[in-house]
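First comes the structure, then the notes that go with it.
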Amino acid sequence: MNLLDQFFILIAVALLSITVLRNFRINDKMAPLWYGLMVVMLVRMAAVAYDGATLTSAFNIEILGFNMHWQFNALSWFFAIITVVAALASAIFMSGDWGRQYRELYEGQGGNYGLLQLALILNVASMLLLLASGDLLSLFIGWEFVSWASFLMMVLMPSKTAKKAAVKYVVYAMFGAMALLAALAIIYSNSVSFSGSLEFEQITQVFAGMDKGPQFSLALLFFIAFAIKMGLLPFHLWQAVAYAETPGPGAAFLGAISSRMGLFAMIIVIIQFIGLGHLQGMSIGLPFINMQTLLAWIAALTTIIPTYIALQQHDAKRLLAWHGVGQGGYMLLGLIMFDSIGSAGGLMHVLNHASYQAALFLTVVAVVYRTGTSDLNKLGGLVTQMPLSFLVMLIGIIGLAGLPPMNGFVSKWMVYRSLLLNGEPLLFVAAVLGTLGTILSVYKLIHNTFLGQLRVEHQNIREVPWSMMVPMLGLSAIVFITGFMPGLILPWIASVQETIGLPVIIHHLGGIEYAKGGLDMIWVSGILFYGFGVGALIFYFLGSKAKRVHQYDNYAGGHFLSADVKYHYSNNFYPGLMHLIGDWYRGSFKWMEQVIVSALSFVSKLFENMYRSRQPVMLLVIVVVVALFSIYKNTAGVSS
Amino acid sequence: MNDLNNKLNDILSRVNGIKITHKRNRRVRVDVPADSLTTLLELIKGQASYVHLSAITCVDWIKDNEFELVYHVWSYEENCLISAHTRIDRDEAKFVSVYDLYKPADFFERDIYEMYGVFFIGSPRMEKFILTEWHGMPPMRKDFDSEAYVQETFNWTEYNPDWLQELTDQGGGIAIKPEDIRLSGCLHNMATHRQRDKLKATQKVGKGWKS
Amino acid sequence: MRPENYQAVQLGESNEYEIFIGPNHPGIEGNYALKLVLDGDIVVKGTTDAGYLHRGFEKLMEGRLWIQNLAIVPRICVPDPAPMEVSYSLAVEEIMGIEAPIRAQWIRVMQLELSRVAAHLFTFGGHAATTGMYTPMYWGVADRDLVLDLFEDFTGGRVYSIYNIPGGVRRELPNGFLEKLSNLLDYLESRQNDYDNLLFTNQIFVQRAKGVGILSKEDALDYGVTGPNLRACGLAFDVRRDDPYLVYDQLDFDIPTQQAGDAWARILVRRDELFQSIRILRQVIEKLPTIKGPIRTPIPNPLSWNVRAGEAYARVESSKGELAYYVVSDGGDKPYRVHVRGPSSMHAVQTLEYLAKGARLEDVAQIMFSLDACPPEVDR
Amino acid sequence: MNGLHILSELLLMPLIAFVVGLMMVLMMRKISARIQRRIGPPFFQPIYDIVKLYGKDTQISHGLIHDIGIIMAVGGYIGAEILLPVPGMEGIADKGGIITLSYFLMIPSLGMALGVGQCANPNGSIGISRALTSMLAYDVPFIIVVFGAAWHYQSTSLVGMIEYQQMNSWGIVEMPFLATAGLFALQGMLGKQPFEIYIAPAEIATGPMVEMSGKYMGGLFVMQTFQLYTAGVLYASLFLGGGESWLSLLPKAFLVVAIPMSIAFMFPRYKTEDVIRILWKWPVMLALIGLAFIL
Amino acid sequence: MKKELLIKEKQAKRTNPLAHVFDDFIDFCQSKSLFMLHYCTGCGAIELPPAMTSRFDMERLGIQPMVTPRQADILLVTGYVSVKTLKRVILTYEQMQAPKYVIGICSCTVNGGMYWQSYATAKKLNDYMPVDVYIAGCMPRPEAVLEGLQRLKENIKNDRKQQKGSAWKEYFANYDTYLGNQQHLFGDDWQTPVDIIAEAKLYGLEGEGTYGKNTEKLAKVQQPLLPQEMKL
């Protein structure tokens, strides 16, 4: 029984315990413990992360002649540690006062706290199952589990929007699962090179033996299946609303890692097994656009468009969720470059994004906990009331915006560096556009929540309790430390790169080494903090002390401000930009989504009507006619 | 010109109780009773293109216990100004707004409401306008004594430099202190010989001091 | 303010917020205030707040002698004081039934037109400064100062000349004055090119000013808009031509108009008017030496001067629009009632509120300056 | 590179930037005065202003973040100055590169944004919203220019770029289109007319500065000196071959800063969306043409 | 007499000779760099643009206009002050940061001037705030404005030495009197959002006249407009 088996047993026990105890108070204290134990287990497996070894579970199943087995390598470990830490943070967050409030508020209306705990552990378990999958079939099974577990999490919020969003998600997810199944079917049915197993390596063989056309459709099917989970560009519409409407810490967990499962699968299938050569070999119509360019552009557009949609949101959770969609683009963009720096950046961004996204989501949930709203137009000036939450959000947004010295900067720097080295100016500009849009929108987030005019109804609120504060602070510490010393993470990244067969990055504690301009975050942060230090010296030692004033003591063109004046600028925060781009993307994407939604509802109505139709005989007749026709058609084809 | 005048006279004569005075070229004064003023304005706006309300003036005839309202209306086509005078009771200071006819009336009516306390029925913004922080009686009424109010409310700067003191000692200088007199009396007093002599003396001494 | 203003109040559900432009704000002309309710950068509602400059002028004038009032009338509109004096004098003259001598009338025309030149030079700078262009303001004000030098030369006062009295003007022109005037006009004309290059053909300025604060002709008539603002909407009306006073009917000048009715049209009309004024001044220079005679009709002792009972409505064209004084005398030594109809009272309240609604925040100041509103005329 | 050297660089580089920046501020004000047919301020005026502001007896703060915003604004620029290589002091500058530097330049904006945000003044917030929008506008051409330069010199290190130029020929000769686009972006970066929308006194009472008093305002004045210096030296390093010595670097930097200044006082400001439109049109087009030549 | 004693006391406190050099240097810079806020209360505002622009060019004297009271050093009250405006002028003055100076331009700020019998204008500006320099005239020419500013600069330069140009301290030290005058005009429940007493306490600017019966009145009606402090 190796470590992986023990790990699985631990998960199973945790699952069982939480399932049984979910409606008891003791579970609140137990749940974080289980996740803590999982972290410990993963740390014990650190050899996987540093040496690039593979742990294979003794447990396997034989179905229909296919062997399903599970294994852990550096890649799985890397994603697993992020998953478990995010779950740990969420679990601690909801174990205390938050859970109490949730019970009080929603227990009567269909919300169920025990179910939330269950959903969390189910999500973790299914994700770990997926991460450990050793062949395509177990990947598919894990994939299905993950989809349904997420769905369970999403429907927990007793609100119509949440239900609607969750159903929308399920429709998308089913579509993705169908695509994955279809891809499996193609591999299975490709009799030429199929050797009777669904091991991952099989893909490479099958792929190599195919013509261009089927190759393309196989790649496309895989891509669609994973892109839907990841929320890549044409399939980005479901994710944000669904995540935003998930109950508090659940949203943090989902937003941090859930959609990265798509990336995980994409790394295995498209990066590891299909590989650069095939991708470049597949050209679509035009000679200079190959699959790699296409994927890169999808990734780049995914960074831009959801980011600018986020800019328009006035609900804090939705804003963050949209950013979650957008940041996925950076990861794929880095990976699709297939070089050491870019792919390292892409991989590292998974961790970085998870850390600050969870921190930010938890902060927003903390604000909601105190104020009862996440509407950015109904907040403001909370910094004096909730200074630590402000600090966490500040660190989070610096990370999200990718500014030094937080970890977001490191991974984005690597992606940029790689784009520079590969000579991709337009992708580079696209990535920068995404970053700039992020800066704009995160400033809006922090300004509208924590800065500006404090509303009367919020004048007596307090900082959130420590049970919520600790995970927030812990996550922000990760954001800062991995930014200051990315070398702590980079060995894992290097072994992941080794595992999936990409060039390996040369790293040290402060960052990466590269002949023509590397990055040393210890120096960069050092210089920055030196600058801040000098700035603080100048500020505090020169000039007299400053007097704190009330917010009515403010310049209003000589006018007297009074309590009934709404003096906080929050709505439509970037009007200039919106005059330029607002109509365009508002119109086009609304239109697109409407098309999808109405097409789906049309199809579902169609089937519904068929089933409910009064004359089942007619249906039978139609089926028979169609069947006969197709048989005739086929036989005719054979005979001729 | 005469044709126009005739046409105008025709229109004007339709109004009850009207008195028309041709004051000079391009100036017509009409006096109407209060209840036919709106009819008059409707007529001249609708039928004689008097579209420009130049001003509404209120005059406080306190002796007659009446307010006089004067509507100055100009026609861009005929280039002629009609001043329509009407009088309303001072104690019950209410009148009909002409905002429906002339939008600028909003400004003038607000102004008159504030300065004289004449309420215009139907005017859109009968509220504080210029004197938002004034709580006394409408100040433009003749019975409001601005100077008395000022003397009560404000202080004055003492200005008594040595050179002026010297002059005063010699019998010159500022002979009448502001608080001693009220303006109404001031200039008459100054016009008297005694004051003039003093004034001259001041000037003389003043010159001497300067050199 | 008052304590009740600081009582806790729940803010409404609306996402609109308020911005106060004025009374102490660079985007407002003089001491005036505009409260804007904004959604993003679109003005939902603009409310003017007047009264900061209120002195009770009309009350003050009822308490002063006919001649004393001359000292305070120009103070009603600071940038363009001359029309105030002339209008008041004309009204008193009308009640008295006297007329200023012909030479005095020509001198008054000269004074009025010089004042118009000064006011317009001032306005260009202000308008340009609201769009972030400060150089025209520096140039314009400096060139205006040269005009003020001339004022000082022939009236003794730089800004407030108090040069008119009922019945004529106060003193004769100094020697060689017309020559100086002529030189100044030459200089101003030579600057035309500079101003055109800097401001009137500056593409960014044109882009900023075009389509801002559009006032249709019907709206303009509705809201009682007069002067250059009305002419920018396409109606060629000018009190100087259509209700002539002084000797304007003997002068040859055009009435510049534009059709668009936006800020750009308004500043263009002012620019053209500036050169029309120069044209008038040239005619004055030509004509004035040929007119000999007194500059004043004799009036009784001004300290005990009882103007006969009557009333008069005297209109002149100031640089802002139609200015009128309605003077009522009950036969006493002081006016019984003086009503000042400042052109800006129409522009600065209703028209401004109308134009501000739906405008962009960037354009609000420009709209106000392009209307050339003068708040003291509102407050009086 | 020993400790003493590093220490002297850490101390001297911001100090030099400050002094040179002061001269640039003076130059800017003199240029504006000459265009407006005035004399302009005396030689020491910029330093008087800053000392005066820091010497204020009382000042207000709207809270801790207001203070921290100013510290971040000044501190971010001090950090950026250290990453700018200048003659004789290239040791630390080598640790960062052009990408790091361009990110450093965003930190003061963010700091100022935070500080202004706490003031709860909509004028300030509108100013920040406009400033960030115009940052979005000018960063796009700027980033293409940076990309082009880094690609051309095959290095992201500014030191490497300067070396390349001193070995071969100046960037402006080899990449004239990119250099022109860079000048455009510079105008936007300095926030001078026609891209001055976030200051806009006539609408939002000088935007971000609205609630700044005493040393807060002083901090912004110091920031302005750094900003001008950074713009001048960065452009000189990218396209004008940096400097073999201070004597050759400073004239270049002053010349670079003088160009936007001379343009600024002849134009009004664009509206926000026009800023984006104009900056995403002409400079981007120029930069892409330039890129096409070197790729 | 009293003043001299005070100065001596202060000098005795500061034994460090460099402190004086430093103070003098700051005074010198303060006199050389003046940001002014012109509150266009009246006609006098028309003579400021000429003083600022190309012909007289105030910037060569180190004086430049600023937009908000926070940054400004000088408040130029340019002409008659109507009561409605006076409230705003007081607010603006209180929002300015010390050292702050007030210049009353035009005769109307001295004694009501031409509008002495107007019910709407306040007559004596220095009843409501300490005025450093009056520039009389109706209206003063740009040269006079510049002359007045030069005079102010001289005062500032000798500020700490001769206790000149420190009129702003009067406002804190005699707040009760000023507040009393304001209350007389605006009513007893008059208050601004600026907490002058707290400011005086913080910077040690209290004097004998800071507290009195008028401030007691204020304390009665004043809602605590305390700044929001960080809470943990």
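Chains: A, B, C, D and E, in written order; residue numbering restarts at 1 for each.
Following the convention adopted for this analysis, contacts are C-beta pairs under 8 Å (C-beta built on N, C-alpha and C of every residue); 3 or more make two chains touch, one makes a residue touch a chain.
The structure displayed is predicted, hence computed values, not measured ones.
Engineer: By that same contact rule, can you tell me which chains touch chain C and chain D alike?
Structural biologist: Chains that touch both chain C and chain D, as defined above, are A, E.
Engineer: Can you list every chain that touches chain B and also touches chain C?
Structural biologist: Looking at chain C and chain B together, the chains touching each of them are E.
Engineer: Counting C-beta pairs in contact, which two chains come out on top?
Structural biologist: A-D
Engineer: Measuring centre to centre with C-alpha atoms, which chain is farthest from chain E?
Structural biologist: In terms of C-alpha centroids, the chain at the greatest distance from chain E is A.
Engineer: If you average the Cα atoms per chain, which one ends up farthest from chain C?
Structural biologist: A
Engineer: Using CA atom means as chain centres, which chain is nearest the centre of all the protein shown?
Structural biologist: Looking at where each chain's C-alpha mean falls, the closest to the middle is D.
Engineer: Roughly how far is chain C from chain E, centre to centre by C-alpha average, rounded to an integer in Å?
Structural biologist: Computed from C-alpha means, the inter-chain centre distance equals 33 Å.
Engineer: Any idea how many Å lie between the Cα centroids of chain A and chain D?
Structural biologist: The separation of the two C-alpha centroids amounts to 36 Å.
Engineer: With chain centres defined as C-alpha means, what is the inter-centre distance between chain B and chain D in Å?
Structural biologist: For chain B versus chain D, the centre distance works out to 59 Å.
Engineer: What whole-number Å value describes the gap between the mean CA coordinates of chain A and chain B?
Structural biologist: Whole-Å distance between the two chain centres: 74.
Engineer: Residues touching two or more other chains, restricted to chain A: which are they?
Structural biologist: 381, 383-384, 387, 454, 459, 544, 547-549, 551-560, 567-569, 573, 575-576, in rising order.
Engineer: I need the residues of chain D touching at least two other chains; which ones are they?
Structural biologist: 36-38, 55-60, 62-64, 122-123, 126, 197, 201, 205, 210-211, 214, 271-272 - these are the residues of chain D that touch more than one other chain.
Engineer: Would you pick out the residues of chain C that each touch at least 2 other chains?
Structural biologist: If we look for residues of chain C contacting two or more partner chains, we find 1, 6-7, 17-19, 21, 23-26, 41, 51, 54, 56, 59-60, 63, 138-139, 142, 379.
Engineer: Let me know each pair of chains that touch one another.
Structural biologist: A-C, A-D, A-E, B-C, B-E, C-D, C-E, D-E
Engineer: Across the complex, what residues on chain C touch chain E?
Structural biologist: 1-3, 6-7, 23-26, 30-31, 51-56, 59-60, 63, 71-72, 75, 78-79, 122, 125, 137-139, 141-142, 144-145, 148, 158-160, 376, 379
Engineer: Which residues of chain E touch chain D once you look at their complex with the stated criterion?
Structural biologist: Against chain D, the touching part of chain E is residues 25-26, 29-30, 32-33, 53-54, 57, 59-60, 62, 64, 67-68, 70-71, 73, 97-99, 199, 202-203, 227-228, 230.
Engineer: Of all residues in chain E, which touch chain B in the complex?
Structural biologist: 83-84, 87, 110-112, 116-120, 122-124, 126-127, 181, 184-186
Engineer: Within the complex, which stretch of chain E touches chain C?
Structural biologist: Touching chain C: residues 37, 39-43, 45-47, 49-50, 52-55, 67, 69, 80, 82, 84-85, 87-88, 92, 114-115, 117-121, 138-139, 141, 187, 189-193, 221-223, 225 of chain E.
Engineer: What residues on chain A touch chain D, complex-wise?
Structural biologist: Of all residues in chain A, those touching chain D are 380-381, 383-384, 387, 390, 394, 398, 401-404, 409, 413, 416-417, 420, 423, 425, 428-429, 432-433, 436-437, 439-440, 443, 446-447, 450-454, 516-517, 519-520, 523-524, 527-528, 530-536, 538-539, 542-544, 546-549, 551, 553-557, 567-569, 573-577, 579-580.
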